[in-house]
């Protein structure tokens, strides 16, 4: 573990994978100075991808936020969301019938784009479940927790089906001090109460990294040593990147506070290759 | 493990502890024939207590259900609810300030009776939390899960305080086929997301059995061998009773289905002294 | 949470419950100055008990260590070990047959004293298990881990029986820097691999505190407010004491280091009434 | 879930991935009739790979067992062991220093082949750990559990390092009735006691399937629909295969007994595409 300036680290790699929240964005929007970093990467010819545990919005919508701030290199194909893995899975495995979901209509995009009929949990009738083939946890909004989480429990008791969790995060920040429970936290509770085993997509899982790595390799030949993973969370970004065989940078602009970083690395045994204050540059 | 008729078992004991749901009651109300069993116990001079993981209603309200069906021996002092343990704790440990809670106004009875000022989570203002001394999980109703569970998360991040879970059950039946998430399930999710350690009251915890045992001993001298615990759930009633040193009866009228009983006892290693179909008699 | 001198705290209570390791003893033996504290307690007429998660040695042997250092008030009846709870359970519930155990011959004392025939796991023949009624985890020494932990696994697969863990601790210090896996850690692995549910004795469980509290009340009338629990570990001593309704002191002479205490209290939500450097006095 | 004959299923796929133990082998060796199935696959031009959670022996040694029984198509390159993923990781990430391991000398092959200096945990001196870069859990044999598991605990307390678990299985069968704890079970205990997070290789992890899938695609173009995963364990083979997007067959010749299959699928929510008695044919 070596503390260094981000620019001096990144120039040793052919591609960078960034986590979004806590690295490029925070509750106020894009972190100031991040645009300079992307200019630098473009100048240096270093490729980049954004790997985000998010199934609430489409890759197009996710990319637009960066486009709006002038980071024109961050196009839709640079975004890898956990929702995309769920989408690919559904497209491959579900051939007919309806797919029930927890989330907003916007999040259901990931199912619809797979050519499948969607059914929001809040419109589900427990007497009419025969053609439901799969349940997907997409977003924590768009349904009534009191009624609809209990409806999910009874749907799964009534009809056994594969359950997909399209975002493994258990919480997310909503402002400087507060957090909210993410759909991954709700799915954990349901899984626990029923004793079932759901299929989860998102970091630290290897599929997320594989997806991005294949994209990067398609543009230029490289090995896993040539990729740098940048994240603010030891349990998702860093352990996932380490396991995949990439070098990793822990940044202190999000989930891991500067005063706790050393202690957390020590107590978890999750050791990033580097630690940086932030990826922003001026 | 011996399968026997309930009457032939119970006559060997001085006192019986009954779980309520799945043993004496189900979703339709008191199980028919249970009233005959209580007549029999009264005739035989066998003492009885009802131990229930419940903090939604007062012992008075819980007893009234039996009274209404003519079981006049089941008076308030025969009811031991997990809410009563929470009440005793609050009375002993909280001397001033407000106690926030998740649950109905009816469930807040357990806090008010301890002489404390209550504050429903749905009326809590996160800007005004200085005098909140404790948070209590009482019931799954009486608040908005979307808003108020997130409010709980941020309350505990803002102010460190002891958290009490007054019912450890994770779900409960609502009709012949469906279940609902109980407050214990919600508290598990919050604890998990925050990494905190809450104080839980309810079976299988020893305090519940100790409370009932002391009541029984006050009426007539006995040892733990003289008490029979009757329940429908291996993980709460039976393991709790076994650990406390009492003999135990698993009944098959609730949570544990006749076709699964043998396999569940084998796979969990939780072995009741006896197995009975039901405590009802005709 | 208030940081104060131990003497100024303890004078407000009628009885004190001490954890042993990290509070009164460390790897070098009795912590210097502890003997003065017991002189002070004797002078002030404050009653005391030692509650220890230990099933490796008899209460007599445990008391002798204090006697040898001149603390003559710490007699056998002042010691409450988790092994004693296991002993009481065995005496109450097992009437015949053999009891298999993991531990030293010295630890088997807790079974023998219950009038039962013991069988060390290392002498167990898997072809002759019919009369084995119970398995007890007592101590991490006295058997061959490679052979005998696997033997335990297959014993429990062959014959379903109640399993008792007589010490819930997962590790213990062996010198200034090193620790060793305790029998509670081994029992967790076995339980996990088999999917079984064992009966555990030891802090933070209520039975331990109840046992000591009844002894204290037998000497002089008191309520739970009158008792102070002193420990070095948040997860056993402090949460257990808090739940039982006693005031608690976290001391920083053992498991919880001075530099981490505040952060650990914050992150776990386990809040002692007081924090003290040590109970030793000069 | 449809119950069908294995031959009638497999002809719809371009490649098959087999789990080894419980599918092709059991405690007596290769399951009779399995050789006919491989003849059939060869005739039909269906490609096959063996995916095994095993780091105790080299792929060469694993392949030899099949060769010896006349299955000459099962060459070393058809074997994908979890040890191989560990080997690839070590080769990529560790450039110097020594790698400590738990396992036999035979299992250390996976480290040596990566060009690294190995050190068995039983030869490790805790006073000389500065150049140890990584610890690898390989096999449950080859070390003294009493001494060496405690040595592992203290090694990791002394020096923070990344820990690799080269086989996630928690147990394995040793004969018709008995099982033994596998290295994955020991690593779980160590991780739990220390509160660390290790890197695990083996099914159900995606990397295992990715490795095999890339090999299959290199021989002939295919998509994930063209691959059939065959296994005896819901929690590793089936959920892993389902998540990777392949069709799956649960066979009843190993871990999952015919009488429990339906109930286990129901209770876990892990649903194979097909269920077969066995892959053997005559």
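The chains carry the letters A, B, C and D, assigned in the order they are written, with residues numbered from 1 in each.
The rule is simple: contacts are C-beta pairs under 8 Å (C-beta built on N, C-alpha and C of every residue); 3 or more make two chains touch, one makes a residue touch a chain.
These figures come from a predicted structure and were not determined experimentally.
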Distance-maximising chain from chain B - centres being C-alpha averages: D
Shared interface numbering between chain D and chain A [over half = same, under half = different]: same
Gap in Å, rounded to a whole number, between the CA centres of chain C and chain A: 44
Centre-to-centre distance between chain D and chain A (centres being mean Cα positions), rounded to whole Å: 28
Mean-CA-position distance for chain B and chain A (Å): 40
Chain D residues touching chain A - in the complex, by the definition given at the top: 88-89, 92-93, 156, 160-163, 194-199, 205-207, 210, 223-225, 234-235, 239, 242-245, 265-271
In the complex, chain B residues that touch chain A: 126, 144-146, 149-150, 153-154, 157-158, 170-171, 177-181, 185-186, 188-189, 192-193
